[in-house]
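Note that chain A is present in both complexes that follow, paired respectively with chain B and with chain C.
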Partner chain A sequence: MIETLKNTIDYLSTPTISFTVITAIFPFVFPPTDWFDRINRKLKIDKLWTNTGGFIQFILITGFFVLGYQDPNFKIILMKGDNFPIVLMVYSMAFFTWYAMKKSYINDARLDEGKKPMEYHDPEDKVLVWPDLVYIEFICLILFMVFLIVWSILVPAPLEEPANPAATPNPSKAPWYFLGLQEMLVYFDPWLAGVIFPTLIIVGMCAIPYIDINKKGDGYYSFKERRVGYFIFMYGWVVLWVYLIIIGTFFRGPNWNFFGPFEYWDPHKLEVLNNVNLSEYFWVIGLGQPLPSNILLRESIGFLVTGIYLFVLPVLLAKTVLKKMYEAYGPTRYTFLMILGLTMLALPIKMYLRWFFNLKYIIGIPEWFFNI
Partner chain B sequence: MKLTKEEKQSLIQAKSETDWYSICDEIKSKRNGIYPNYLAREILEIFNNKFPVDKYKDLSFGQIINRKSFLNWLTLGWLAFAGATGGFFTVIIRFLFPNVLFEPPQSFKIGFPNDFEAGKVDLRFKKSHNVWIVRDDEKIIALSTVCTHLGCTPNWLEADRKFKCPCHGSGFRSSGMHFEGPAPRPLERYRIVLSNDGQILVDKTKKFNYEKGEWNRSESFLKV
Partner chain C sequence: MPEDKKKESLLEKVGNSPVWKSIFRSGVPRTRRQRMYAVLGNVFLHLHPARLPRHAVKVGYTWCMGGLSFFLFVVLTITGILLMFYYRPTVEYAFTDIIDLGEQVPLGIMREIHRWGAHCMVLTTWLHMLRVFMTGSYKPPREFNWAVGVILMTLTLLLSFTGYLLPWDQLAIWAVTVGTNMARATPFLGSEGPGASLLAIGDINLIHSASDVRFALLAGRFVGEATLLRFYVLHCIAVPFIAMIFMAVHFWRIRKDGGISGPL
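Our next item is the complex of A and B:
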């Protein structure tokens, strides 16, 4: 019984399945439109954000870790000093999402009834920053220091043998907070995944207040006032960052192969892959001729696809589906939003292309170190 | 409970601040000492209308320094700043130069062609010189051990007959050709020639890249 459960979990955690399932479920959990919202309420998914719902989430996560701890393979991963923060992260992320969503749903319901949000009446007993707040902060600081010290005594830092350029540990994992980046590097060239994307993530987060200028929802928790923004952000954060960290920690084994959480990390696990560039698909497989020697001609199809994706698609959207949004946002804001959004979306797109078509690079010019 | 008309009136007519506060206390005591937000907002509004604050009243510019002492202080400050920064950068730049420098020679002999078995990947020079020596039926090549994706060192898996990178999973054939994972180009090859005494000489200063069409150049492999 436990074995079947484990095998099912192993099976479900293959990225093709788990990533697809999470992506498909996501809009129902954080509904961006009325239609999703109706289904969300019909299926009572909104009950996740009540006390009972929070409790159930807590039990499920804990259950998974307890079950995992019983398993010899998963226990090794779980007990690595490096991975402890990730367990903490899973809990804290679930908690803060739950907390914010709970408050938002309460406020949304109040606003529907024509009342003011909770925060408007909330601090009946206002306290002073000094001393009340500063004291609380100070106590938190001390408690946290104690926690860090106890932790660092109980769990020794995972020091390994002296660095040796000839022996890279297998698998070689970045620090836990960079595992999302490392996962992106599997699908993209280093200059994109290591330079452009991180920069855009940071710039994009700084830009949120300038892009989203909806004044409603300022100063109080609310989901409804900015549900599309909330959905996009949560997808980028939970799925494209946190989930990739979880994949990198728990599901990536020797030779950077995928392993289910309860699977043995066999360094000889063989995964037959043969990655092909788009140019080869087009010229060699599609047209049955050798690759043209002119680089630009060879990659023309890749340039075309990328060009359409980045420059034609936003214009088309602005004329059709997103017409209202374009009018509300104006050209500058819309362009920025599109650049950020499309680069974000490029990650799942590229992941799927790799998984299903073994596609390596859409534009692949190793001669110029330019690969997309 | 909101302010009543009379309370409002009495607040507006308060003569001094002391007066004002006693009225406030009275208002609070009527509500059992509870002083909720909306009430505070109301009272504050009246207060602001009644006693507009002059923000600049208390601001004065201490003692005025004259031009000469200002210049003196400025010079002193700048000198101190320049000294500190200069010292800081000296230390940093010194730090960039290692105390001991160990670099293996860039070209080295690895033995005679018959020391290498056909169809085998030789790992002996991986640690000392970062090259793999691969011999197949017709030639010997020297492969760089640097993954062309982001520079990790792949492992040779004899069973699968491939180099597999532990960082993002790139795979290379024994010829150095890339076939899986994100690596955009094959492993680089080094110059390899026979020296006068019949030993093989590997020269790492000269590289041959497949994507530039250099793999069929004369010294990129050694015919056997």
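Our next item is the complex of A and C:
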């Protein structure tokens, strides 16, 4: 019984399945349009953000960790000192997302009734910082310090053997907060996953207020008034960042192979790696010719595809589906949004191309270290 | 009234003494006026305005995460200074000093507080960002302050990352090796990055493994003695210095951009 459950969880947590499932249900959990919203309410997914829903989420997460703790394989991973913050991350992210969504739905119901959001108070009715804020801050600090000291007494900070440049551990992992980036390395070369994407993540995050021109929902929790913004942010945050960190920490074993949570990290596990470049698909498999020796000719189809994706697609969208948005945004803002949005989307696209077509590189010029 | 004078408590006696008043000016803050003055006349408290809208003091609205991030920065600074008394950033001593920190030094949980606190600070900044997004608090006029916040979050990650190397154990050098290997692939400036071969004079490559970004970061081709010193200085001086400048701007801008966000 438990074994079957464990095997099922192992199977379901494969990135191919778990990522697809999460991506597919995501628009129903954070519905960006009316259509999704109707289904969300019909299926009662919005009950996720009630107290009962929160309790069920808590039980599920705790159940997973309790089950995991019983399992000899998962226990090893779970008990690594620096993995404890990730357990903390899972709980705190789940709790605060739930809490914010709960407040948002309460506020949405109030706005529907024509009332002001819960946060609203008479602007004349102010409280004094001393003592009303100062004592809250003080209590927060004391409680937090107690938590930190108790944690520090109970759990010693991790320390492994002295550094030995000759003995590379397998797997070698970056600190946990960078494991999302390390997970991207499976699909993209370091110059993208390790340099360009992090830069664009930082630039993109800074750009959020300049791109989001929706003036509503400033200063209170509300989902209804900002659902597209919520949806995009939560997808990037929960799936492309937090989920990838969890995969990178718990599910990536020796040689960065995937292992289900209850699988033994077998260093000799063999994964078939027969990834094929787009150029090989086109020239060798498609046209039955050897690869051209001219690099640019060889990769011309890759450049074409990338060019269309980055430069033609935004123009086409601006003229058709996103016409209204383009007019509202203006050319500069729209261009920025497209660069950032298409880069963000490139990650799931490349993941699926890899899974379904074993595609290695769209443009593959290892001679110049230029692989996409 | 002489009767009331007799009932004056010890706290009030101290509070009204010339010494106390010379330090805190306001006396024991009992009246509304004194309480406002207590905040305005204190260099630390005047980070806050004297009065706030009612929703702004609710933990349910703010989650206290920004405050906790700053508090953790202070905790990490203090424990970090204590750790610096004992820790020597050399390949010879670093690892054994870390062991001594737990076994020989009185109150040997400073490293624990420092390390767990650092993990917590990463989480609190993320949660602070989540809260600010969820309440739409980044919207005008607070756009720039959001951007400053993003930089601060990046600096938090960099602080944590540079500190990761210092224990000089297997975990440390390999995590840093994996992390800094990325720099090798920086376009134009990394020895294995696209376009690096373009930066050449004749046959001489300007960008090679002993002159690229990774070399600048590690002070060598591998994570070694020079890297340890470099990361130590970055961790203890350089990054906190930059973070403090950005924090000053961040806090100042909260006030200048109209205080805490809220519904109109």
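The working rule: the second predicted complex is superposed on the first by the 351 of 372 C-alpha atoms of A that agree within 3 Å, B and C clash if a C-alpha of one lies under 4 Å from a C-alpha of the other, contacts with A are read in each partner's own complex, and residues count from 1 in each chain.
We adopt the following convention: contacts are C-beta pairs under 8 Å (C-beta built on N, C-alpha and C of every residue); 3 or more make two chains touch, one makes a residue touch a chain.
All figures in this text were calculated on a predicted structure; none of them were measured in a lab.
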Handout entry: Simultaneous placement of chain C and chain B on chain A, clash or fit
Key = fit
Handout entry: Partner chain in contact with A:72 - chain B first, chain C second, else both or neither
Key = neither
Exercise for the section: With chain A at the apex, figure out the C-alpha centre angle toward chain B and chain C and round it to a multiple of 10 degrees. Expected result: 40
Problem - Touch count on chain A, higher of chain B and chain C - result: C
Practice task
For A:190, select first, second, both or neither according to whether it touches chain B, chain C, the two together, or no partner.
Solution key: both
Handout entry: Contacts of A:270 with chain B and chain C, given as first, second, both or neither
Key = first
Practice task
Would you check which partner chain A:217 touches, where first means chain B only, second means chain C only, and both and neither mean what they say?
Solution key: second
Practice task
Based on the superposed arrangement, let me know which partner A:288 touches: chain B (first), chain C (second), both, or neither?
Solution key: neither
Practice task
Pick one for A:256: touches chain B only (first), chain C only (second), both, or neither.
Solution key: first
Handout entry: Which of chain B and chain C A:233 touches, first, second, both or neither
Key = second
Practice task
May I ask you to decide whether A:114 touches chain B, chain C, both, or neither, giving the answer as first, second, both or neither?
Solution key: neither
Problem - Which of chain B and chain C A:168 touches, first, second, both or neither - result: both
Handout entry: Superposition-derived minimum Cα distance between chain C and chain B (Å)
Key = 5
Handout entry: Contacts on chain A seen with chain B and repeated with chain C across the two complexes
Key = 120-121, 123, 126, 164-165, 167-169, 172, 182, 189-190, 194, 369
Problem - Contact footprint of chain C on chain A as seen in their complex - result: 82, 84-85, 88-89, 92-93, 96-97, 99-100, 103-104, 116-121, 123, 125-134, 136-137, 140-141, 144-145, 148-149, 151-153, 155-165, 167-169, 172-175, 177-178, 181-182, 189-191, 193-196, 202, 205-206, 208-210, 212, 215-222, 226, 230, 233, 237, 368-370
Fill in the blank from the handout: Given the complex, residues on chain B that touch chain A span 34, 36-38, 40, 126-127, 130, 145, 148-150, 152-155, 157, 159-160, 164-169, 171, 179-182, 184-185, 211-212
Problem - Residues of chain A defined as touching chain B within the complex - result: 120-121, 123-124, 126, 164-172, 182, 185-190, 194, 254-257, 267-268, 270, 273-275, 360-361, 364, 366-367, 369, 371
Fill in the blank from the handout: As the complex stands, chain C meets chain A at residues 29, 32, 35-36, 38-39, 45, 48-61, 63-64, 67-68, 71, 75, 91, 95, 98-99, 102, 109, 111-117, 119-120, 122-123, 126-127, 130-131, 133-140, 142-143, 146-147, 150-151, 154, 157, 160-161, 164, 167-175, 177-179, 181-187, 190, 192-197, 222-224, 261-264
